[in-house]
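As written, the chain order gives the labels A, B, C and D, with residue 1 at the start of each chain.
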Amino acid sequence: MDMKRDYYEDIQLFQSGVVLFWTVVLLLVLFTLPLVVPNYYVYLFNIIMVHIILAVGLNILVGSTGQISLGHAGFFAIGAYGTVLMMTLFQLPFILAILIAAFIAAFFGFILGLPALRLEGPYLAIVSLGFGLTIMHVIGGVDAFGGRMGIKVPPLDLGIKQLGISWILTTDFHKYYLILIMTIIMVVGARNILKTRVGRSFVAIRDSDIAAEVIGVNLTIYKTLAFAVSAFYAGIAGGLFGFVLGFFDPFTFNMILSIIFLVMVVVGGLGTILGGIMGATLITYLQYDLLKNIAEVPYFGALMVAVSKQWFTLVGLENFSSMAIGLIMIGIIIFEPLGMFGLWIRMKKYWMTWPF
Amino acid sequence: MDHFKVENLSISFGGLKAVNNISFSVEKNSIFSIIGPNGSGKTTIFNMISGIYKPDSGRIICDGENIVGSSPDHVARKGVARTFQNIELFSNATVMDNLLLGRHIHMKTGVFAGAFMWGRGSAAAKEEIANREIVENIIDFLDLQSVRNHYVASLPYGKRKLVELGRALALEPKILLLDEPSAGMNTEEKGDLNIWIKDIQADYQVTILLIEHDMNMIMGISDRIFAMNQGEKIVEGVAAEVQCHPEVIKAYLGEDLSC
Amino acid sequence: MMFKKKMLVSVIAVWAVLCIAQAAPAAPPAGFDDNEIRIGQWGPQTGPAAPWGSVARGSKLLFDIVNEEGGINGRKIKYFIRDDMYNPAQTVGVVKELVERQGVFAFVGGVGAACGMAVKDYLAANKIPWVGPSAADQDFIQPLNPYLFAVYPLYRDEANVLAQYIVEKLNMKKVGMLYQNDAYGKDGLEGAKERLATYKMSLVAEIPVEPTEKDLASQILRLKNSGAEAVLMFVNPTAAVIALKTAANVGFKPQWISSNTLSDYPLMFKISGGLWEGVITGAFGEIPDSTHPLMVKYREAAKRLNPQERWGTFYSAGILFADPLVEALKKAGRNLSTEAVMKALNSIKDYQTIGPKINWTEKQHQGTDSVMIQKCGPNASYIQLQGWTTNDLATWKKK
Amino acid sequence: MPVGQLLVEGLAIGACYGLFATAVFWLAFVITMLFSILLGVLIEFLFLRPAKHPSILGMIVITLGAEMFLMGLASWKWGAEQKFFSLPLNPSVTYEPVKGMIINNWAIAVFAVTACIMLFLYIFFKYTKLGVAMRATQQNKHAAKIMGIRTERVFSFAWGFSSLIGAVAGMFFASRATLDPAFMMEPFLRAFAAAVLGGLMSIPGVIIGGALMGLIENFFGYYWPHWKPIIAFIVIILVLCLRPSGLFAKHYVKKV
């Protein structure tokens, strides 16, 4: 048995020709999509991609490292405000601004990681929640940040002002490509982190922190690192989100948003990259599109209107959206703890042997 | 210079002296077994060596350096690896990943290097490939090829014990602490384990500290045996000496018997 | 292997460049056709600000009435309400959806300063008129946004007029203020300070309140200890009720004065358990049980078309905000175009329905600075204290 | 884990409102109490029991999901507009035992009811069979099961009982403010934070945590009203850094 194995096989991006093929197809679709769909969907895709970056980062913390955070809207806010302020106050180019903002978010992630060293479960949830609220409140209290009135986002200039180069992206259509490329980089980066030493250490901490320690993983460094990495992702997502919106105020980053982020990760599937992507896509689509106009959904809408008139109030019909998301959250935990990723794996297994 | 030495080690938990003034010294590349009834403080000694507990007094000297007070990860970096009585594996990771985690201290890929693993030529990929090769050798050695990509949670007990052993080996330890490696194994598996431990000692040039209840195994492979009861030393010596020591027999069987 | 990968990368790169190069997003559908005019509004139907969602439903009543009467110049109004949960990210989403998928001609109402700020530029860029935002942010009108027409008096002006009333009519010297810690409350604070400065006075206490706070004991105690005779409130209904109840508990009985946001007396009277009696407020428009012919008409229509809805101030404010747009659409005639409607809107002069007189010109899109002052009498009845009063200190008029 | 179920009270109160329109207070009160118990048990039975071995995160997500569902249902039924709610207590009846310290009927009732419930809980957990079974289940579910405790019943009971207490708290809060579907969200967060501050599973801890939280908020709120909404959270973060399981609960360390 002198067969030479290729050890790169396990870590390469495309594990097989099939994966490579479908990835290429997906990329082609993603790059052509805005040309064929109405502009409104382009905006929706932008939001979805921003949420994907955040969910993938949050999944590194919640899924892979096993820490709970209910304060990610705070990092999201730091990213958004940091990028805008870097650009308006210091005239930095966009790429530099968003990176600095993300590093600031990562630094705050590190700070939040310090108490997390000793806390777990509900205790950590409360501390991170308090952190998120504090960030929201502090930003609202400082007038240089726009205070409660909110802050207007400068034009998205990819060039460097100081050199006189200017490449301003104005429409959702143009921003789409920037966000798409950023999303691909961030997602592949997250996948690589999880495939290499640091990511494995995160998983080790989640599964058995004592065993992780005795094989040489420094808990202090890696737990805070997990917070920092995940906050970095939230920071990048926040920076992009600001430009998707064009205007935001501290209330944009409220506690409900933190919960929704956590829901994305859990519904998508804990600890997997694909899970974060699927969860962010589904929840964002439901929240922003499908559940927005229940009354206009064919057949079902008419039924709901009739039900409302008979037993409930028509005025409150919109609340169906929060009920549906609540039921999805419960259903996922009960029936498919691995989330949509688990469903996906099952589906794949089913089709693999089809039609037998 | 002493290879590995424990001097006057003591620890107590809330008034109970779990380990009291224990001293021993281990030769390089030998198998040193610690025996004693349940609750006699064997695992506590291991926990102190690997830095999980901090002893009240005493020194643990590894290659001339006192490692008391170091955190567990520092101890690991000194070349001390261990397994656990009740198996502490990363159960939602594959066997491969568990073993690769054993390589943690020999790798240096950080977040950024890891994130930018674009293609075969990148530093992270090179390091991965090199370490995967080493891990594959251990997998071959322990005969784990069939479960290479399985999740640990889905493995039977005996295999998990082996994975844990493999993880400790991947660390390339100078000193290997094995806490009841044969517990829960059948006779056949125990026989294999016996051979492996011998092979490890020979192939990997490692000093082994062993906690074990299986007397046949202990007597067969140990270079020296250290017997203890209720935190105190009874006797230390080669197999024959310990086996016939009246207090050892008393501690195990509760009555006086002679050989 | 390497060759394949390079191929892949270059194909994707070329594709991407091609895509970006021929970038030309499709134009959104037109806002009207021969049979209908599409009009949209966003408003919180769920979430923390849901009680204000009735504004959007109020506008619906007006459009239903217009449609019943045969529409505008032969066209019916098709009206869309979208829930944004008071969250700017969602507001942008729903507005884009309405403009780009449904094709909307104009927007009316729209609750929330931040929500409005997030879509203001987008609407202007797409040349979509927006009439009567139900928030009074100074940034809406300064600098002039040609497509935005504000009806609502600025909070600043309102606080100004209310402070004038406190000092001149009520003869109270010690004024405290309880304000919501956001744009709404802070604008009110500015206005009150501005007016008091003209009398060489200042507020004896300025207490911020978080919108979601449920315990105001320490804030009320502080107001009490400041010796305030009158307390000006720029808060939401829940906070106002908590404030009044807490004050009653500690025996603090100042004259409460509040912004028009709290002028829904039947609601406030009910949820405060009768404590609302005697509170003085600004007002959006005519009192709900007014005998003003238009009010009678709307009230009857509401009973017929939307019996589940309570006839309250926010609901009727929805009518008030949408009124000028209907007027402008009528004036623009059968040959409808954005330009024609813009021209009609810009020439609206002294237009009064159930609110103050509204004036818009090419250069000035703040409709009014007039505030009516009312008082809550026994059994939530409305007592008019002072008719439409303009603010002589209004800063926006001077520019 | 009888913690975190205060969430259901929003709906219980909503039901309460529905009853008030037709019934006298005490009848409505009793029915509401029964309803809240039923609702708690139902949530446990429908949402938590079918989940196999949920992690802490899973429990949190299920609870949040149940909360979103019920809140949505209540808003759908009753709309978002605030409603009036009152207990048969006249809050304007005040006493002044010490100069400058005014106390009213409402506060006296809150103190009395809280004291009764806490005393009951203390006796219950310390001396009754069911109480001990609950504690045992909390500490080690499997061991408790082996000892013959029907842990599922224990969970049902915990849910029913905690939603009952939650409904009582909700009534007091609603009578002080107004009633709308989301009105307990903010107090709930603070209550949960206070429980964490004192230490979960420790009754004196929860009382002292709650008292500390209220005092910190009000004292800071008086002098620095700008920071009132977050000061309590900052204090909690600092306290938990020093005592990771709160002020009064024991910190368990895993044995290897």
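The rule we apply is simple: a contact is a pair of C-beta atoms (placed from the backbone, for glycine too) under 8 Å apart; a residue touches a chain by one contact, two chains touch by 3 or more.
These numbers were taken from a predicted model, which means no experiment stands behind them.
Novice: If I average the C-alpha coordinates per chain and also across every protein chain shown, which chain's average lies closest to the global one?
Specialist: A
Novice: Starting from the Cα centroid of chain C, hunt down the chain whose centroid lies farthest away.
Specialist: The most distant chain relative to chain C turns out to be B.
Novice: When the centre of a chain is set as the mean of its C-alpha atoms, what distance in Å lies between chain A and chain D?
Specialist: 32
Novice: Whole-Å distance, chain B centre to chain C centre, using C-alpha means?
Specialist: Distance between chain centres: 71 Å.
Novice: Mind checking the centre-to-centre distance between chain A and chain B? Centres are C-alpha means, answer in whole Å.
Specialist: Inter-chain centre distance comes to 41 Å.
Novice: Could you list which residues of chain A touch at least two other chains?
Specialist: In chain A, residues 210, 313, 315-316, 319, 321-322 touch at least two other chains, as defined above.
Novice: Multi-chain contacts in chain D: which residues touch at least two other chains?
Specialist: Those would be 72, 75, 79-80, 226, 229, 256.
Novice: Quick check: what residues of chain B touch more than one other chain, meaning two or more?
Specialist: 52, 84, 88
Novice: Which residues of chain C touch chain D in their complex?
Specialist: 45-48, 50-51, 53-54, 181, 207-208, 210, 212-215, 217-219, 221-222, 237-238, 241-242, 245-246, 248-251, 267, 270-273, 310
Novice: Quick one: in the complex, what on chain A touches chain B?
Specialist: 5, 7-8, 10-12, 188-190, 192-193, 195-201, 203-204, 206-208, 210-219, 225, 229, 271
Novice: Report the residues of chain C in contact with chain A in the complex, numbered from low to high.
Specialist: Chain C residues touching chain A: 8, 11-12, 15-16, 19-20, 22-23, 25-26, 28, 45-47, 53-54, 57, 82-83, 86-90, 92-94, 96-97, 99-101, 113-114, 117-118, 120-122, 137, 139, 181-183, 186, 308-309.
Novice: Can you list the residues on chain A that touch chain C in the complex?
Specialist: Residues 20, 24, 27-28, 31-32, 34-35, 38-40, 42-44, 47, 140, 147-150, 152, 171-174, 177, 241, 244-249, 251-252, 254, 256, 287-289, 292-293, 313-316, 318-319, 321-322 of chain A touch chain C in their complex.
Novice: Under the definition above, what is the set of chain D residues touching chain A in their complex?
Specialist: 3-4, 47, 50-52, 54, 56-58, 60-62, 64-73, 75-80, 189, 192-193, 196, 200, 226-227, 229-230, 233-234, 236-237, 240-241, 244-246, 254, 256
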